[in-house]
Structure formats: structure tokens, C-alpha cells
Amino acid sequence: MDVVKSPLPDADLKTVGEALQGALVDLVDLSLVAKQVHWNVVGPRFRSVHLQLDEVVDTARQHSDTVAERASTLGVPPDGRAKTVADTSGVGVAPEGWVKDTDAVGTLVDALGAVIARMRARVDSTGEADPVSQDLFIGITADLEKHHWMFQAENRG
Amino acid sequence: MDVVKSPLPDADLKTVGEALQGALVDLVDLSLVAKQVHWNVVGPRFRSVHLQLDEVVDTARQHSDTVAERASTLGVPPDGRAKTVADTSGVGVAPEGWVKDTDAVGTLVDALGAVIARMRARVDSTGEADPVSQDLFIGITADLEKHHWMFQAENRG
Amino acid sequence: MDVVKSPLPDADLKTVGEALQGALVDLVDLSLVAKQVHWNVVGPRFRSVHLQLDEVVDTARQHSDTVAERASTLGVPPDGRAKTVADTSGVGVAPEGWVKDTDAVGTLVDALGAVIARMRARVDSTGEADPVSQDLFIGITADLEKHHWMFQAENRG
Amino acid sequence: MDVVKSPLPDADLKTVGEALQGALVDLVDLSLVAKQVHWNVVGPRFRSVHLQLDEVVDTARQHSDTVAERASTLGVPPDGRAKTVADTSGVGVAPEGWVKDTDAVGTLVDALGAVIARMRARVDSTGEADPVSQDLFIGITADLEKHHWMFQAENRG
Amino acid sequence: MDVVKSPLPDADLKTVGEALQGALVDLVDLSLVAKQVHWNVVGPRFRSVHLQLDEVVDTARQHSDTVAERASTLGVPPDGRAKTVADTSGVGVAPEGWVKDTDAVGTLVDALGAVIARMRARVDSTGEADPVSQDLFIGITADLEKHHWMFQAENRG
Amino acid sequence: MDVVKSPLPDADLKTVGEALQGALVDLVDLSLVAKQVHWNVVGPRFRSVHLQLDEVVDTARQHSDTVAERASTLGVPPDGRAKTVADTSGVGVAPEGWVKDTDAVGTLVDALGAVIARMRARVDSTGEADPVSQDLFIGITADLEKHHWMFQAENRG
Amino acid sequence: MDVVKSPLPDADLKTVGEALQGALVDLVDLSLVAKQVHWNVVGPRFRSVHLQLDEVVDTARQHSDTVAERASTLGVPPDGRAKTVADTSGVGVAPEGWVKDTDAVGTLVDALGAVIARMRARVDSTGEADPVSQDLFIGITADLEKHHWMFQAENRG
Amino acid sequence: MDVVKSPLPDADLKTVGEALQGALVDLVDLSLVAKQVHWNVVGPRFRSVHLQLDEVVDTARQHSDTVAERASTLGVPPDGRAKTVADTSGVGVAPEGWVKDTDAVGTLVDALGAVIARMRARVDSTGEADPVSQDLFIGITADLEKHHWMFQAENRG
Amino acid sequence: MDVVKSPLPDADLKTVGEALQGALVDLVDLSLVAKQVHWNVVGPRFRSVHLQLDEVVDTARQHSDTVAERASTLGVPPDGRAKTVADTSGVGVAPEGWVKDTDAVGTLVDALGAVIARMRARVDSTGEADPVSQDLFIGITADLEKHHWMFQAENRG
Amino acid sequence: MDVVKSPLPDADLKTVGEALQGALVDLVDLSLVAKQVHWNVVGPRFRSVHLQLDEVVDTARQHSDTVAERASTLGVPPDGRAKTVADTSGVGVAPEGWVKDTDAVGTLVDALGAVIARMRARVDSTGEADPVSQDLFIGITADLEKHHWMFQAENRG
Amino acid sequence: MDVVKSPLPDADLKTVGEALQGALVDLVDLSLVAKQVHWNVVGPRFRSVHLQLDEVVDTARQHSDTVAERASTLGVPPDGRAKTVADTSGVGVAPEGWVKDTDAVGTLVDALGAVIARMRARVDSTGEADPVSQDLFIGITADLEKHHWMFQAENRG
Amino acid sequence: MDVVKSPLPDADLKTVGEALQGALVDLVDLSLVAKQVHWNVVGPRFRSVHLQLDEVVDTARQHSDTVAERASTLGVPPDGRAKTVADTSGVGVAPEGWVKDTDAVGTLVDALGAVIARMRARVDSTGEADPVSQDLFIGITADLEKHHWMFQAENRG
């Protein structure tokens, strides 16, 4: 079914489509991992980390929606189904069961770090092909790096 | 790690814990399936179905949070990670790629129908063990059945 | 036309369907009676009773909508037409013309009392057949009984 | 009981009072008919028609309140009870049971058309006797005709 | 100073200008009288009357602003100064000192009755000369008569 | 295509339809002219005039929508396309390039004056044929004349 | 009628009661004067002064209400009737007819200056007798002096 | 535990600390008494008194929080526990069981009168030692006296 | 005084009435204890615990109001006076003076645990007698258990 | 008149100024075309398309304002007058009279497609000369392409 | 330039003017210091301290504006420029670079303590000269002391 | 203390870190200068300029926060202390004492012009090293240039 006529030539579309699909999977998984820790964190900093994680969830959910709709806009049907996410995410697996607050912060530092590295690569690869998509990736990177700073800052001391 | 002292005796806790974990997976997957169709639906009813699906997403996300926090409250660490969802969900797999609006409605009728049947079983199994959790399942069932009616009503004519 | 596939077996459906249809008629009529008195009340307590009645109208309208949509959800087409309401309501007929404030309070005490008795019977009859509908009736009863208390309290002194 | 001293002479009051009472009944019935179809509509356009009908309900409820309070203001006790509505409404009876979306639109086109014709007659008959009431009827007619256009526009194609 | 070029011929302007100036004074005075009673009312109905009077104040203040700006719009500088209000108002003098709640209601019935009679005369006199101003007077009359009904209704029983 | 059955007889419809179409064009053009000056005004009063013009834009946009939908409601397809506006507007052409603040105020005084004169003629011509449309024109005239006053007031001194 | 038992001894009550009554009259008159100029101002700064005056009106109305209710609270029935205001205000008479913007600013500088001087005297006279009332006068003075600064600042250049 | 270094010397701190602790107990008890009557009032004025009492509750709760946090701020740990309130409050015991509306008003007149007298003494005693705390007591007194006026006004007639 | 006619037979009323009165006292005391700790907590987690406690206060206040009004609704006058709370609460006495944050969390774990156990007993005892009241107790238990989880989670690590 | 000193050198300014002027005309015309279809669409999908078009209007109006103010910011007076729009727009002429819903969707697909192509060219041409303006064009393109996707998706099936 | 005529005699003005200028500098610097630590804090309590500091910033910014406008009101031009702040502030220099959370709390305890001491001196020195300004200083002191308590409470444990 | 692991290599980090630190200082100083003029401006345009300056303050404060947090995110501790701002800002010193409105506008034209030039240089220097930071600078430039236009536009005439 040829649904949406893409404004991009085929080669550019392939590059950008893969970047968007990869970002979608990373962001959906990030939202699931952050919720997982939100529910399972324990320790003296429980409340603070619990609240902070919901802000990561909000960021991840909003950007995943934007990224998926950008893919549809370019004529590439996005895939954010559970199995696809489980098989292709770059986030890393969250620990099972209760998580101590210190470990929770570490889990997020790692998960965000992994997604940021991949997102920066997408910024590089798409600038030529589609500055509109690149602009999305830049904005996503900015938000993720801000969360990353905060979890790193909490890891010191 | 013995984190939260459960207000329930062990046998009841096992029953209720399994019901909550099952509901969590179903609801997270329902949110992913509804988003998937939200992004991929095409056809004359695109806008209507696109908007309606986001209301399903909202319902599923809110209830999944309540259910997971209820599990934690009872001392059972909830598991809402992508792989767990992919492996144990009762929703059924969403189709890949673009979905025609008629098929989109049918997908939701089936997905909601499957989750409702399991949720009604949870209402039955938990009333004795924990009326508080049962009350959650009753509320969730009410909301899902209302969505189910609407998609069925759109399937006629 | 077989529109909505009911999650309930036939016998339960009949019980619950009749309870919902009865509740719908009572609530629509309650909203009409409360508006009728809202417009026709006179006396020193006019303003207080006039405002209080609009809160009854809000309660009755919201619950009538929920009840009717629950009936549709179960596959039973609800009937809230004027003639059906006039013929089958359990509220009792509101007086014609101006109503003194004391009488207005009495009218509401009686109307609410009649609806509450029928609603409690619906709570009893539906628990087995459909706990979801029973839960609605419990919530409706709670709200109506609270209004009932207030009008009774105003009737003393 | 002589409650409210009317600002109008008797002959004018009779004309205006009858117009207001007629409008009240039409508007209450319109709100009941629109709700009835809101609950019973089925078909591919379910969601769109379902939402649109609640806007008709809002219009009808607000104007019925204004019209009834205008009657009280002029010293004429309004009558919006179920039996009065069932016996004297100009709306026409809504169909029983499920309604296909195409028929639902047709039902509203007819119901609105009937009320509009009567409301325009009220605009004509009251201008001399009470420009304040006439102004209400003009505003009501404007709103109803706008709904009428929309349902007619949906009936084409 | 010839400030605003009037859209009306001189004769019409004189008629309409006088009506607007008269309405301005009546409405400013009504707001002052209602506040006066708002502050001085005593008796078991204190709270109800106290609150109700502030709604009269709101109505009077809003309409006085609209009326004054309409005068300016037509090129007639409005005069709402204290002495002008004291000398030319049609409202009648409010009682000095504490006012019993029953008397407070009576004061408002009289004050509103006086203003309404004058406002209806303005509706009659301006229709020909300026339908825009007439439309304002119709809207003001509607609001004042509604307040009038409510205070009359409270005076019965 | 015979889309909307008009509530008006043919002769009345012609009168009212022309008035509505004329008003639509004037109001759309007024919104474009006010925006044009909003962007190009310079001088010490820049900020004040810049903000004031956006209020004119809001007025013009809201009324143009109401007028166009009223035309559709009566069965007359409205025409608000750029070329139609450019060819038939009664507003007069806005100056090109930067506009000094004093000139900006003068431009608006003239533009509003021209539209008001035509709008008052529409009030006169439609009262018989369709009091509902006349009521719209009266409300529009009131708003435009208020803006006209303000710009005139700023032109003095 | 001995309505409210004053918390103050008679001598203090006399001092404070007179201060409150004087402040009430000044503030009501200030609201009337500011509205008068709000409607009649003309000149290039029309819009700025017109808006600024409504902020003075808001200040004056809010404080007049607080002051009057404080009088009632102390058992002194307040008097804010038009004639009392016209006869005893310390504001000074506003000019009749159109007011040029420069003069409008000057009128407010004078009016505010006069009220501030009297309000400062009330601060001095009531501190001993009733610190609660003194605190009101201090707050009122602060707000009036801020308005005074702004109008003075506009008077330079 | 020496937690907060007080900005006050010891003698002043003792004076102010006792005043704050006393005010805290009075305000917590006032909130409990007002709620008690809010739930138990009966009679024709039920609704009016019921609503009015919740405004007293709001006032008392807000000020009790401010007063307690002011004590902590000064280094004095506040004590608002039930037993402390029951043993040291100056409010007087509320009646048991249903309360007629007239009696309810009387109960509040007395309770507020008692608290106001003690609060005025705190205003006097703390001005020297800590003008910041005195300012709180002045504001609290103003609010309580306003409530006192209203209940007294309702007691007349 | 026989105020409100109970919808329950006497035996059921006794059971439910005692449960509601017990719940009222527990919830009022919980709100006082949580506020006490809110004001007196110290330590590195001050801010987090201070904020969290106000959420407990909100929960306790809202449910205490619902429970008390439910008692009145059933014809049982509720008793929430300070002495009754001090004498019959099941919460346990809060510590005097400053509380270290770790101890504060422990105090809440204990207080919530005690109230939850009693509330679960009320759920069991009232299901037969009054499902409406039971439904309230279920909802209250859900909220309290969620708070309980959070304080327990903070107690680990 | 040399009003605003541009931060860009002349050659860059020419490039960017033409891009902004072109974008302004396209966006103003897009808002007029979308409104035109909003008023004239008929057919079963009327409501859905009617609402969707107002979202296009909002997008076009907001971006046209931003683009025009960016031009002024750079020292280039923007031109958004009706004739300029009619003469230089790249949108294409909207059909006259009623438009069937399927055709309406097609009209928007074409109009948006045309504007997007021109906007992408502006992204390319301005990156060197003024990254700030380029950033605007990127954001506008993203929004228009999202609308484009939705109308294309509705065109399938 | 003699801009604003001061309501105070010269000697008083000098006292009050110096107090206001000093307070302005302290508050601006406090806002800068709190922001500096807000950005540079690290450690496990990062999030809690980071959020808390923005509340200090809000307090300091609001009060600095009030204080500066009070100075202007009295005819004393305020000076809040960076160099003036750097040279005359009483806050003390914030540390350079990252700050551990424990040190951050200590920094704020010191900074607030220093400002509070100076602010209390201003309360003492201005009461005679200008009670309006004194009232501002009292309110500022109350807010700063509350922040001071909270940071001190966090310093224990 | 090695707090945040930077996503950038050292050379890029140096470039971007200096740009962010420079922007931070400029924006903090711009907020101080704009407030300084906000408080000290006098002349007929006082109100307009006074309000406009607070919009500059809002812009500068929001962007300074974003810029500083971006620096922290990259591992560079930002420095926004008063002395740093006084010593390294590129804004230029604001005049001392009262400022005539014409001069106020000129001061802002100069201050904004200076900051914009430096910000454009930052856009150029960071695009290679960190497109995320560059994107921030582009957005800041857009906002500052819009303010610059408005003050320039006010400077003509």
C-alpha cells in the first residue's frame, strides 16, 4: 500500500527512516525502563528518584510520539510494538525486582548515556538528508542530555 | 531484599500478585498496540480513529501505573519491561505497517476483548483475597468495556 | 441488529439490563423534576434551594449518561425518551406551578427517597451478575443519599 | 399565589408566556432526543456523530434553562416535567433501539428542522410584545440553525 | 473639542445620547446601592443576600462600562461622577445604617423595578435611532429582570 | 449541488446572502489590513498600536467566521478567497512598507469607518428578511464602532 | 439596632470608625473618577492611559470593599451611597467631558495625591486604637503610592 | 537537639514562642470545631451555614500552618497534637450530636469571640519582641474578626 | 432530635455507624500527626519528607470529610472533636519536639500501619450491612496503603 | 525610511528577505484556503474535515505572524495584503462553492504539497545567510508536512 | 531631574531610601547566588536542593522588584546594576565551580542569615520614618526566615 | 571534582564551554539592565516601556537558565555570580538614576545590539562542535532580535 508520498528521494529516505525507527525503539524502551525503576526503587531517596523518573517518562513518551509521526509523515510506517522494542532497543535491560536508589540512579545514567550516543550519531547522519528530522534529533538530544546531567550530578558526593 | 511488609497473608498475596502482574503486562501492551495503530492507520476515518486511539492509550497508561503501584504496595515488585511484555502479554500482536481504518477498528475490538476477558477473571479471583485490588480491576474493566463498545459500534453499518 | 457482543451470559444480561434501564429513567426524571423545582421555587430560601437543586441536576445528568452508556456497553440499547420517562419513572410527579421553598425541600426529600430505595435494590440484584454495574449503582447511591441527607437536614428545626 | 409582578400587560404576557412554554418543551425534548441518539448510534461514523450530539445537548440544555427562567421572570411558572414534554413537544419521537449513523443524522435534521420552524414563528409573534424575549428566540434560532446546517452538510455526498 | 465623529445624525444622537447617559447613571447608582446593602444587611439570611448582592454589583458594573463606552463611541462624553449620580439617578435612596434582610430584599425589588421601567422606555425610544444601542438596552433589561425575579421570589412565602 | 435547505424564501435569501458575502469580504480584508499595519508600524507609539491592532484582528477573524458559517447555514456558499477579497473588499488598500504610528492610526480610522458604513446598511436591509442575520450585523457593528472610537480618540490632542 | 459587638472600646471605636468611613468615601470616589477619565480620555496616549486607569479602578474597588467590611466588623455601619460620596469625598471633582491625555495624567496625580495624604493621616491616627485597621491603611497607602509614582513618572519628559 | 538558631534573644523568644504555640492550638481547635458543626448542623439554614463553616475551616487551617512554621522558624518546635489541643485550647467545647442552625451560629459567635480576644492579646505582647510574628497575628485577627461579624450579623433579626 | 431517616435497619446501622465514627477519629488524628511531623522534621531529607507529609494530610482530610458526611447521611451524628480524637484514636501518639527525618519516616510507617489494619477490619465488617460505606473504606484503604508503601520504600537501603 | 538596522549584510538580506516574503504570502493564502474549505465542505466526513481544517488555519496563522515579524526584525517590511496574496501565492486557487469531503481532502493535499516544496527550497537557500530564519523554515516545514501526512492518510482506503 | 515628589520629609527619605537600596542589592545578589548554586550543586540530594533553590530565587526576585518600585515611589532612583551588586552586597561570595550538596545547604544558611540580620535592622530603622516601607521589610523578613529555617533543618541529622 | 562526563571531545568542549559561559553572563546582565531601566524610566511613554522591559527580563532569565544548565550538562560549571557578570559582560553599563523614556529605548537598542552580535558569533563557532548548543544560540538570537526590532521601531518617528 503506497500511502504517503515522501518529500525525500529514496536514498535519503532510507537513511532518515532507519534513524527514526531506531530512535522510536530507544525512546519507547527508555519510557518502559524509567517506569520500571519508578515502581521498584527503594531507599532513603525513594521519593526524589520516583518523581524524577516520571519526568524522564514524559520526555520519552512525547519524543517517541513525535518521532513515530515524523516517520509516518515521510512515508515510513513506524514500528513500536513490544517485541520490536525488546529485540532492537539500545537501552540495555533494566534490573529485575526492587532497586536500591543508588543503583536506580546508576541504571538511568547508563541507559541515558547509551541512548544519547546513538542519538548524536543520528544528528550527524541526517543533517544532509533531512534537516527537519535532524532538528528533532537535536531537540531530543538536548532533553536527554539534561536528564543525564541531573542523574550524574546525583551520583557524586 | 524484604522491602514492603504486605498487609495480606501469603496465599492471598500470591493470588493477587499474579493478577496484578498479569494486568500490568496486558495494559502496557495495550498502550503499545494502540499507539502502533494510532501511527499507522490510514483511510477516510483516519482522523477519528487516530484521536480515539489516544484515549485508549491514556486509559491504558493510567491504569498500568495504578496496577504497578498497587503491586509494589502489596510487596510484589512489578515487571513492566519490554521483554516481559512481549513474552507474556494477552493482547495479541498488532499488524505490521500501514493499517486500513476498518482493520484498525477490528484490531482494537479483538485486543480489548482479549484483555477484558482476562480482567473479568481477575475480578472473580481477587474479591476474597483483597477487595482493594478487586476494586481496581472492576474500575479498569468498566473503562475497557466502554472503549470496547465504541469500537464495536463503529464496526457496524 | 446485533450490535455489541455482551460480555455477560443471557440471564445475567437480562437482570442487569433491566436494572440499568430502570436507573436511567429514574435519573433522567430526577433531573427534570429538580429543574422544574429550580425554576418554580419561591420563598425566603429561594436562592439557597435554587442553587442546591442545580447540584442535584448535575448529579442526575452525569449518572444518567454513565448508566445509559453502560447499557450500550453490555449490548442493551437504552431508552431515555420523554414518553418512556413519563410512563415508567419511579420519581413521582412534581407539583405544577410555583412551589414554596418548604414544599420544594419536601418534594426533593420524597423524590430522592424513592429513587434511593430502587437503587439499593439494584445494588442487591446485580452484584452476582455484573460487579462492574453494581459498582456504578453503589456510587450513584452514595451521591443520592448525600443529597437526601442535606434536604432532610434542611427540613428540621 | 401571585409571585412575580410581570413587567408586561396581560395580553402581551399571554402571547409571550405561551411562546416561552412551547420553546421550553421543545428544547427539553431536543436534549432528550439528542442524548437518546448519542447512546444508540452505531456505524462507521459513530464517534463523530456521538460527539456532535453532545454539542446539541449542551445547546438545548442551556437554552431551555434560559427560556424557563425568562418565563419565571415574567411571572409565568414554566412546566418542563416529563409528561408535559412527552405530550406537547414538537420534536417528533426518536426511534427505539440502535440507530445507524446515517439514520441518526437524518433524525437530527428532522428534529432540528421542526424546532426551528416553531422557533422562527416565536420570533415573529413576540417582537411587539416583548423584545427581550424575542432576542432570546433569535439567539436560540441562530444556534439551532447552525447545528441544522452541519447535520445537513453531513447528509450530502 | 470635536473628538469622535458620530455615525448618527444629530436628532438621533440626541435621543440615544440621553438614553445612554440616563442608563449610565442608573447603573452606577445601582452598583452603589447594592454594595451599600451588601455591607449593611443583617439577619438570618445575611449570607445569602450578601452574596446575591455582589452578583447585582457585577451586573451593574459591567453594563455601566458598556453603556459609557457606547456613549463615547457615539461621540457623547459620558458622565458618571458621584455628584451627577447623586443628582440624577432613578434608583431611589438606600436606607442608612443596618438593614434587616427582609428589608434588604424589598429595597432591591424596588430599586430594580425602578431601573427596569426606565430601561424598557429606553428600548422603545432608541430602536429607530440606533439598533446597536437598543440591543444593549435589551440585554441589560434581560439581566436586570432576572435579578428582579429572584428578589421577588425571595419576598414570597 | 443542493446542499442546505434554506429556511428563507428566495427573495429574502438573495438579500441576506449578498449582505453576508459582503460582510465576509470586508472582515477578512480588515483582518489582513490590521495585520499588515501591526507588522509595519513604527514610531514612539509602536508597542501600543502594535498590540491594539491584534485586538482588531481578533474581532475581524471571529466575526468573519460567524458570518461565513451563517451564509452556509442559509444555503449560500461563502467566498473568502484571496482574489475575491482583493477584488470586492470595501476596506481600501493599506499602504506599502513601514507606516508611521500616526499614519497607522489614521489608516485604521478610515478602514473601520468604511466597513462600519457598509455594515450599518446591512443592518437596515436584513431586518425584515432575517432577524437572525440582522442580529449578527448589529453585534459586529457594535464591536467595530468601539474600535473606531478608540482609534479616533488616539487621533486627537 | 445593636448588631455587631465591637472588639474596641468606645473612644477607639470612634477614631477608627471615622477613619474607615473617610477612607471608604475616598476610595469609592477614586473608582468613579478613574472610570470617568477612563471613558473620556483622548489623545495619542489614549490606550495606555485607558488601560492604566482600570488598574486604579480595581485597586480602589477592592480596597473600598475591604474598608467597608472592616467598618461593619467593628460594628460601624459603613455609608458608601452616591450622595455621601459626592458630599464628603476628598478626591476633588473630575473634569466634565473629554479629557486630553496629559490632563488625564495630571488629574490622577492630583486625585491620588489627595487621597494618599489623608490615608497617611489615618495610618498615624489608628495605630494605637486598632493595629488591624492600621495595617489595612498601610497596605492601601502602599498601593496608592505605587499608582501615584507611575502617573508622576508619565508626567515627565 | 539544637536545630534552628533563633534570630531572637532568649527573653523575646520565650514571649513569642508562647504566643505562637497558643495561637496554633486555638486555630487547630477552631478548625475541628467548625468541621464538627459543619457535619452536624440541621435546620432551614443548613446549606448556608454548612458552606460558611468550611470557609472558617480554610481560614483556620491556613493560619495554623503559618503559625506553626513561624514557630519552627524561630527555633521553637510547635505542638499541634490532638491531646495538646484538647487540653490547652481556648475555643470551648463544641456541643455533641446534631446542632440546630441557630445554635450553630451561636456556637461560632462564641468560639470566634474567645479566640479573637486571645489573639488581640498576642498582638499586644509580641510587637516589641518580634514585629514579624506580630504581623501574622494582626492578619489572623483581621480574618477571624471578619468571620465573627458575619456570624453576628446572621444572629440578628 | 430525629433528624435523618436512615436507609439502614437498626442492627446494620449500629455496625456501620461505629465503623464510620472509628474511621473519622483515625483520619482526623492522622492528619494532625502528619502535620505535627511536617512541622518538626529535621535532617538531610527534610524537604522531601516535609512535602510528602502534606500529601498524607490532604488524603486524611478529604477522607475524614467524606466519612463524617456519610455518617450524617445514615443518621449518625459524627464526632470529630479534639477530645474525642485524643481519647479514641488508633494512630498512636506522635513524638514531642524535633524529629529526625529517619524517625519521621518510621513514625508514619507505624501510624499508617495501625490505621490500615483497622480500616481493613471495617471493610470486612460493613460489606453485608452497607456496601456503600464498604466502598468508601476500600477506597480509603487503597490510598493509605499507597502512602504506606512509599514510606516503607524510603525506610530501606 | 530607514527603520530597522539589519544584522545581515545586503546580499544575505536580499536572499532571506525574499524567502520570508514568499513564505508569508503562502501561509496567509493557506489560512484563507483552509477557511474557505472549512466553510464549504459537505459530505459524511463534514465534521471531521471541518475541525481538521481549523487546525491548519491555526498553524498557518501562527507561522505567518512569526515570519512577518522576522522580516520586520531584519529590516524588511513584510507585505501580507490581499492583492499581494492573490497575485503571488503558490498555493493554488481553492474551488468555488460547496466542496465534497473527498475533494476537500484532495484540495488540501495539493495545497500543502505546493507550499511544502517551496518551503524546503527556502530551508536550503537561507542556511548560509541566516540560520535563525532557516530554523523558522525548518519548524514550519515540520508542521506542514505533518498536516500533509494526515490528509494523505485520509485519502487512502 | 526631579521626577517623583516624595511623600516623606528629607530626613526620613534619606533613612528609608538607604534601607531600600540596601535591601535591593541584597535581594538581587541572593537571587544570583541561589541560581549559581542551583546550577552547580552535585551530590545525592541534587534534585531536592536544585528545586528548593529556585523557590529562593522566586522569593528574592519578587521582593527585589517590590523594593525597587517602592524606592521609585518615594522618589529615590534604585540601583540594581551588576557592579553595584558586586560591590555593595551583604550576601557574601558564592563558591566557584561544582558545589557538594551539603556545602550548598551551608552556603544558603550563611547567605540567608546575613541578609536576615540586615533586613531586621531595616525593620527597626524605618518604622518611624515610613510604616509602609517597614511593612515591606517585615514581609520580606518573614519569607527569608522561613527559607532559613528550612535550610537549617536540612543541615541537621 | 570530575562531575559530569562530557559527550564532547576536549577541543570541542572548550569552544562550546566558552560560548555558553559568555552567553550566560550576557543574559544575566541583560536581565539586570532591563530591570534597572524598568524601575528608573520616566516620561510620557513610561507605562509602555515599563511593561515592555519586563518581557525582555523574562526572555533573558529563561535563556540564562537554559544556557547555564546546558553548560552543566556538558560538564562545565557555569559562573553567573555578580562579580563575574560585572567584570565580563558585553552589555555595557546602564545609566545611573532616572532615565527618560527616549533614552531608555536607546539604551535597550544598544544593549540588545551588543548581545546579538556576540550571540551570532556563538552560532557560527559552535555549529561544528555541538549542534545542540548551536540550536540554543539560534533560538536565543531569534528572540533577542525580535526585541531589538521592537525597540528600534519605537525609536523612529
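Order as written gives the chain letters A, B, C, D, E, F, G, H, I, J, K and L; numbering starts at 1 within each chain.
Operating definition for what follows: contacts are C-beta pairs under 8 Å (C-beta built on N, C-alpha and C of every residue); 3 or more make two chains touch, one makes a residue touch a chain.
Which chain is which protein? Per UniProt: A, B, C, D, E, F, G, H, I, J, K, L = DNA starvation/stationary phase protection protein.
Just so it is clear, the model here is predicted, and its values are computed rather than measured.
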item: If a chain touches chain A and chain L alike, it appears here; value: J, K
item: Of E-G and D-F, whichever chain pair has more C-beta contact pairs; value: E-G
item: Identified repeat of the A-L interface (over half of residue pairs identical), from A-J, E-G or A-B; value: A-J
item: Distance from the mean Cα position of chain K to that of chain D, given in whole angstrom; value: 62
item: Intercentroid distance (Cα basis), chain H paired with chain F, Å; value: 59
item: Chain centre separation in whole Å, for chain G relative to chain C (CA means); value: 53
item: Multi-partner residues of chain F (at least 2 other chains); value: 1, 3, 42, 45, 48, 69, 72, 98, 100, 102, 135, 153, 156
item: Inter-chain touch pairs (all); value: A-B, A-I, A-J, A-K, A-L, B-C, B-D, B-I, B-J, C-D, C-E, C-H, C-I, D-E, D-F, D-J, E-F, E-G, E-H, F-G, F-J, F-L, G-H, G-K, G-L, H-I, H-K, I-K, J-L, K-L
item: Chain D to chain F touching residues, read off their complex; value: 113, 116-117, 120, 123, 127, 134-135, 138-139, 141-142, 145-146, 148-149, 152-153, 156
item: Contacting residues of chain H [partner chain K, same complex]; value: 1, 3-5, 7, 69-70, 72-74, 131-132, 135-136
item: Chain B to chain J touching residues, read off their complex; value: 41-48, 50, 98, 100-102
item: Chain J-facing residues of chain F, complex; value: 1, 3, 28-29, 32-33, 35-36, 39-40, 42, 65, 68-69, 71-72, 77-83, 85-87, 89, 93-94, 96-98, 100
item: Partner chain A, residues of chain I touching it in the complex; value: 45, 48-49, 51-52, 102, 150, 153-154, 156-157
